[in-house]
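To keep things simple, chains are lettered A, B and C as they appear, and every chain counts its residues starting from 1.
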Amino acid sequence: MLQTTDDQAMPLTKLHIPDTLDSRATQGLCTAVHRALVSTCGVPESDRFQLVTRYSPGSMLIDPHFPDVNRSDRTVIVEILFLTGRTDQQKRSLYQRIAEGAASCDFRADDLIVTLVENTRLDWSMGGGRAFADVGLH
Amino acid sequence: MLQTTDDQAMPLTKLHIPDTLDSRATQGLCTAVHRALVSTCGVPESDRFQLVTRYSPGSMLIDPHFPDVNRSDRTVIVEILFLTGRTDQQKRSLYQRIAEGAASCDFRADDLIVTLVENTRLDWSMGGGRAFADVGLH
Amino acid sequence: MLQTTDDQAMPLTKLHIPDTLDSRATQGLCTAVHRALVSTCGVPESDRFQLVTRYSPGSMLIDPHFPDVNRSDRTVIVEILFLTGRTDQQKRSLYQRIAEGAASCDFRADDLIVTLVENTRLDWSMGGGRAFADVGLH
């Protein structure tokens, strides 16, 4: 049984993508986001939970420039829900690493919007009807 | 008019389900989640707000084992947004009760991931352009 | 470059709408929500990021009356994720202004559910692999 004594685990990532993105780019982006979480935020390699939702152009209204970037029609919004406790520096590194990883599947850094929401260990059940906070304790 | 002087109300539940789940299983799960909220977290019976989103296998990337479970291809992610104030014990009971209720429509406990996000009474308007915090006050 | 020294920016708005809503009503609602954010919460005019998801009737389970309203089958749920720091009064004004704006495209105030989730400036990257908190600082 995995010991989970730290607060590194549990991201749920939602990727909101334009429906014109092909499957290869989508998969590459999913992998880039997961690898960035693993390398900057201590997320276990096997702790991968990602939901991909596709939008038609009229259903994804995105300002092309705010606050100081140049977005294309390939812009993606990545929402990550994870445990509170990441430092400001970890978050900065996460954004940078996602952009670097996504570049390898031809995403421009300006086409990546990322936002984080935090909760606590008692706010997750990963299965078995048990709180994640209690995993490893019995 | 309903008096809402406590902090028991207002869950918004999102159910992320594989598109292979049939309608009966989906409805059964929705009902199980709502009943668990009512019985463990004091949610009023009529306070039911649920959104169901379906995913193709390639759009729902779920590790089969993390941290110590065995998931099938019927795994569901249940996100609940509700008012802060539930105790740790209420959250533990909620997870257990969802699993028990879902078992009656043939869901395995390991196929249920649940995550909670909290906000406050000022963070809801249930209609009429009014804050939920002000309902019953005028 | 835009100076972002305040905490007024960054809403991500998700609109959950019944799939029977026509395009004109949907666009009108999106505009009404954005205008309300601009006029009550200090959101910059160009800071518009909205995701629209459509649901079949069976996938959008909404109580018709809780807690004290009368909803029709046109009921919409608007989720706004934005920076912490809005006052209670700003939130109250936001709900009222959304309802007023939506009335101009024939939405009944009772058909509008709004919920807010908050995070911080370090929880956003708007592009370029940089934290939004660092925009304007280099």
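By definition in this document, contacts are C-beta pairs under 8 Å (C-beta built on N, C-alpha and C of every residue); 3 or more make two chains touch, one makes a residue touch a chain.
On a predicted model such as this, the values are computed, not experimentally measured, just so you know.
S.K.: Between 0 and 180 degrees and rounded to the nearest 5, what angle rotates chain A's CA atoms onto those of chain B?
M.R.: Fitting chain A to chain B on C-alpha atoms yields 120 degrees.
S.K.: Can we say the copies chain A and chain C touch using the same residue numbers, with more than half in common, or are the two sides different?
M.R.: different
S.K.: Measuring from the mean C-alpha position of chain A to the mean C-alpha position of chain C, what distance in angstrom results?
M.R.: It comes to 22 Å between the two C-alpha centres.
S.K.: Please set out, as single numbers or ranges, the residues of chain B touching at least two other chains.
M.R.: Residue numbers touching two or more other chains: 53, 117.
S.K.: Which of the residues in chain C end up touching chain A in this complex?
M.R.: Against chain A, the touching part of chain C is residues 1-2, 4, 9-10, 12, 23, 27, 30, 44, 46-54, 81, 117, 119, 122-136.
S.K.: Enumerate the contact residues on chain A facing chain C in the complex.
M.R.: 16, 53, 55, 58-63, 65-69, 71, 77, 79, 88, 91-92, 95-96, 98-100, 109-118
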